[in-house]
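The structures come next, written out as structure tokens.
Look at the two complexes coming up: chain A is in both, with chain B in one and chain C in the other.
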Partner chain A sequence: MTGPFLKPKRKNPLARTTQPLLPPSARSRKAHGLTLAAATGRFMLQCCGECGRYTYPAREACPNCLSSDLTFKGAPTGGSLLSETRIEVTSDPYFREHMPWRTGLVQLDCGPIVIAHLHGGCGGPGSRLKLSLQLDRAGQAAFFAKPISETPHMEDDPQWREMTADPRHRRVLITDGRSPLALPLAQALRKAEAARIFVGVTDRWKPFEQQALLEAIEGVEFVDLDLTSERSVQELAMDIGAKVEILINTADHVRPAHLFDAGATNTAREVMDHTVMGLMRLAQAFGPVMRSRGADGAAGTVAWVNVLSVHGLSNVPQFGVHSAAHAACLSLSQWLRTELRPGGIRVVNAFTGPLDTEWFQTVPPPKVAPKALADAVLDGLKRGLEDIYVGDVAKDIEARLFDNPKAVEREAGQ
Partner chain B sequence: MVLSRARQSYDGVVLAVPVTVPYQRYSIETAHWWMGKALRALAQGAGISHRDFDGFSVASFTMGPDVAVGLTQHFGLSPRHIDHVPMGGAAGIVSLRRAARAVQAGDADIVACVAADTNRVDSFRNLLAGFSRFSQDAVYPYGAGGANGSFALIARHYMDHYGATREDFGKLCVAQRDNALRNPDALMKKPLTLEQYMSARAIAEPFHLFDCVMPCAGAEAFLVMREETAVSLGLPFVRLLSAIERHNAFAEDPVQVRGGWVVDRDELYGMAGFAPDDMDFVQTYDDYAVISMMQFEDLGFCAKGEGPDFVRQHTFTIDGSFPHNTSGGQLSVGQAGAAGGHLGLTEAMRQLLWTAKGRQVEDAKLGLVSGFGMINYDRGLASAAAILSRAS
Partner chain C sequence: MSGDILGAFAGALASGAVRVVDLTHTLSPDFPVIVMPPELGQSAPFRMERISRYDGGGPAWYWNNLSFGEHTGTHFDAPIHWYTGRDLPLNSVDTLPPADMIAPACVIDCSVDAAQDADFLLTVSDVMTWEEQHGRIPARSWVLLRTDWSKKSGVAYANLQADGAHTPGPDAEVMRWLVAERDIIGFGTETIGTDAGQAGHFSPPYPAHHYLHGAGRYGLQCLTNLDQLPPTGAVIVAAPLKIQNGSGSPLRVLALVQERSTR
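For the complex of A and B:
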């Protein structure tokens, strides 16, 4: 059983900050099929294309028929606990700081036997379990078993919290308060019991639409932040960098321009300055301090979220500049992901279809309501996802890219 | 498909010169240093030069980046039969089986079987982290409990199914410590009581401190040759009567409750012409007491599930009923990597040569040695056993 995760005591400012460590991260190339599934919250195992049997651990040939046609396929998530242990002693430095650690041998309903992290609420051998694939602090996939039905304070299990980025009792920075996302995000974070919500605002003297509603949320604090100014970003990081456990970059700058327009490069430069360079300035200012605080107590730094356009994955001509900028942001985000990994910080990309806002006025539905995007980000943090596709358009593009990226390219703009 | 014919006997195959290079908890030396010591002791024991060994079989986890052939140059050997047996706890018997066939066929006259591992301050962690692909992908990232974590899952399941208790495991551990106190080479020098065993700190439930072997550095070695070679060298020897090995048996068992011995044990006793009751002592592979218990069952000393009762009925001490792991086993001598898979063989040789000094089993003429190893993913894959007899 899990006790509630209480708000951690204020840290003694003289105490040394615990350095982040990672669980063992070596994996075979085949095993990254699980990483792919875990990153998007799927449950997949290798399945033999010839004899149809699921197999695990990841192999190069089916042990039943020796076919090499082993692809990762969705699998049922049920299983039964065969045996369990509580590890109290390890030679691994990461796990040493998290002892005891509960693991078990689980017979999956689809056949294979897996060693899984066990949620504290799981019963003993014989009990039924629901499995998921999670990314651990090293960013590598791992099986996690939970009891079938909800148990009290289920989200607060210390092992589960290592696999997720729950905002509970954490402080969050939303980088662009003027974004239509800011309000629903702040509301959702408040509901998720975030300890504090910093909201970056440019030119504070200029009022904006949701200002009053935002201000009214308990825990919200406006801070000066202009992503186009290196100085502004650096100053904010100096001020609150060590108080941000989750950073959500909501900055965007949608300006239409045709590729052949005179002056399109100026538009592009401006868009890039707000988005790509903005992200880079944020990374430079907040990256190092966030990376260093990955193990700073039970509510240490845990995630960096980028809200990206799904068109960054494949260009659409109506929003060509925007697509190109977000493609660059995605690339930068992958870089940032590698740089933050030593801190155990999860870089989450939330790919969204067109938002239901003024800049996408001309786009026909379905569009994404800002609240839906905010809820998806919160859900992704709580479930420990790395890639989130929000809305029907983004999900459609994800599925089509997985199927045939060339078709997506050819059909764009038609 | 023509099925396998009856196996040829090991007639005329003998083992001589059991060597133990006394273990150390940690060593600043490499595995090669320990192998060199073992080879030298073999040569001195046989009264010949190490260059006269025309067969060389080696087992080690820490000899990298070298392979067996590289070691021939390192040690100045020029063998015509060479083997590397990276099979952990089964390595000793597998090495013996291969050497036996080599000397029988005349491919070699004298095979030096050597197992050695060093233990540096951090080498055990590195060994665990990179033990196998399945372990790297699917075991080690789950709490990094190493072998303790993996065997804890097997032990817990065995306890749940067959009613074994921690006291049963403790009885074997305590008996082995009693035996070890009579072995000057054992790293564990202090007596162990059942109370101490029960109250020791937890390592990975149900295992507590004294359920676990202590990794250390050391070497074990012996020579395999034909009887006439031993006679011509004037060497006392023991005979190999039979030997089996089996890998990845019972893959369909959800959790390991038995090893491959079950598949081949009739042949083991059949070839030897003896039954389990005829054994004067047994050396099991005791990485954990639960595995020894499994071996009592799978090698026919009792039926499956009767291991706990069997343990309650015997003393397992040198002078008592069912002398078992008379050296103290790995639990009390130490686990020197792959040498742990040879400890039972060298100890059995000493018992049968009547050179076991203070721990001699009286009138020992027949002994069974068992090996088990390589927890690649969720279970030990390799199992092996051999029956040895006194020369006359």
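For the complex of A and C:
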């Protein structure tokens, strides 16, 4: 059984901040098929194209028929616990700090036997379990077993919290309060019991529509933040850098321009300054301090979310500059992910199709409601995802890119 | 005055008989800039990024890279800024005649009216009332509209409402009249533009820009410390950066004021 995760006490300023450590992270290249599944919230195992059997651990040939036709396929998530081990002592530096730790041998319904991390609500041997693939603090895939039905405070299980980025009792920075995402995000974070919601606002002398509604949300605090100003970003990090456990970068700048327009380079520079350079300024100011606080108590730093356009994965001419900027943001985000990994910080990319907002006014549906995107980000944090595709357009592009990227490119202008 | 005019002037500066008033706001990232509808091009705000500060990037020296639009902070508008002045000779900041950079100023105090009405508009009759008291505006003078708007900051300074900015300025007729009948060299304000916040709805739209630049005259905006100037007698030094084909530039605006006791 899991007790509720209570609001952590204030840290003793005389105590040293615990330094982040990571669980063992060596994986084979093949095993990253599991990483891909875990990053997107899927449950996939290698399945033999000839004999149809699932296999684990990841390998080059089917242990049953020796066929090399082994691809990762969606698998049923059910399993039965064969045995459990409650680890009290270990020589592994990461797990030493999280003792005791429950693991178990699980017989998957699809065949293989795996070692899984066990949720506190799981019964003893013989009990039925629901499996998922989770990214651990090192960013590597691991099996996690939960009881079939909901148990009280299920999301507060300490082992589960290590595999996720739950905002509960954490302080969150939303970088752009003027974004249509800010309000639904702040509302969702409030509902998820975030301890505090800092909302960055540029040019406070320019009024904005949702200001009063944002202000009315308990826990929301406006802070000056302009991603186009190095000084502004750094000054905010000096103030609250050590108080941000989840950073959600909502900054965007959609300005249409044709590649051959006379002023297109100006537009592109402006868009890049808000998005790419903005992300870089944020990374420089907030990255180091967030990385250093990855093990700062039970509600330490845990995630950095970038809201990206799915067209960053493949350019659409209608939003050519925007696509190019988000392609650069994605590249930067991958870099940031590597840099934050030593701190156990998850960098989450939420890829969205056109939003139902003013700058995509002329785009026909389906479009993504800001609330749907906010809910998807919250769901991703709570489930510990790394790549989230929101809305029909984004999901379609993801699937088509997986199938044939060249086709996506050719069809983009049509 | 004796033959040594500049010697006497230097003496007056040294003795304090001539006071130098800085009419310039500090150029900083937080200072509001003009806002255009978002689908139009925007002025880049003032930004400063460090090259080095006695560190790895330059062990013994401190310096920065700057970026800003031509029309940020306390700034100068050249005739080429507006379509009405596009074909005039010497219409950009690099070709601006140096003699025009120093000129006398008439300061019209409308601070009481502006405090009561953010949309206060200067009219010909206001200027004529001022002239009754202080004399006719000499040709080639700056006319500076004192509103004390520079004492506001942030939201109150920009005063952006759902229907646009509400800040004081001149009406259309007074701009035509000041240029045609008084031959002013330029018009200066404490607000973000030489025109009123709602001037886009005037006829012609943005009359200060329209008439001033159409006649090869200049604009100064985001001025401060106008309350330290006498109604007449101050001399303005306004030398914009020499930017090739530039439409304007941030600049340091100085006023030379002869102390009352020495007049």
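Points worth noting:
We take it that the second predicted complex is superposed on the first by the 414 of 414 C-alpha atoms of A that agree within 3 Å, B and C clash if a C-alpha of one lies under 4 Å from a C-alpha of the other, contacts with A are read in each partner's own complex, and residues count from 1 in each chain.
The working rule: contacts are C-beta pairs under 8 Å (C-beta built on N, C-alpha and C of every residue); 3 or more make two chains touch, one makes a residue touch a chain.
Bear in mind the structure is a predicted one, so any value in this text is a computation, not a measurement.
Once chain A of one complex is fitted onto chain A of the other, the partner contacts of A:263 are limited to chain C, with no touch recorded for chain B. Of the two partner chains placed by superposition, only chain C is touched by A:231; chain B is not. In the superposition on chain A, contact of A:206 is made with chain C only, not with chain B. Once chain A of one complex is fitted onto chain A of the other, the partner contacts of A:7 are absent, as it touches neither chain B nor chain C. With both complexes placed on chain A, chain A has more residues touched by B than by the other of chain B and chain C.
Look at A:410: by the touch rule set out above, it reaches neither chain B nor chain C. Contacts of chain A with chain B, set against its contacts with chain C after fitting on chain A, share not one residue. Of all the residues in chain B, the ones that touch chain A in their complex are 124-125, 128-130, 133-134, 136-146, 148-149, 152-154, 156-157, 160, 201-207, 251, 254-255, 377-378.
Residues 29, 32, 35, 38-39, 41-42, 44-45, 47-50, 153-155, 157-158, 160-161 of chain C touch chain A in their complex.
Contacts from chain A toward chain B in the complex involve residues 23-28, 31, 56-58, 63, 82-92, 94-95, 100-105, 107, 113-117, 125, 136, 138, 140, 142-143. The touching residues of chain A, counted against chain C in their complex, run 203-207, 226, 228-232, 255, 263, 266-267, 270.
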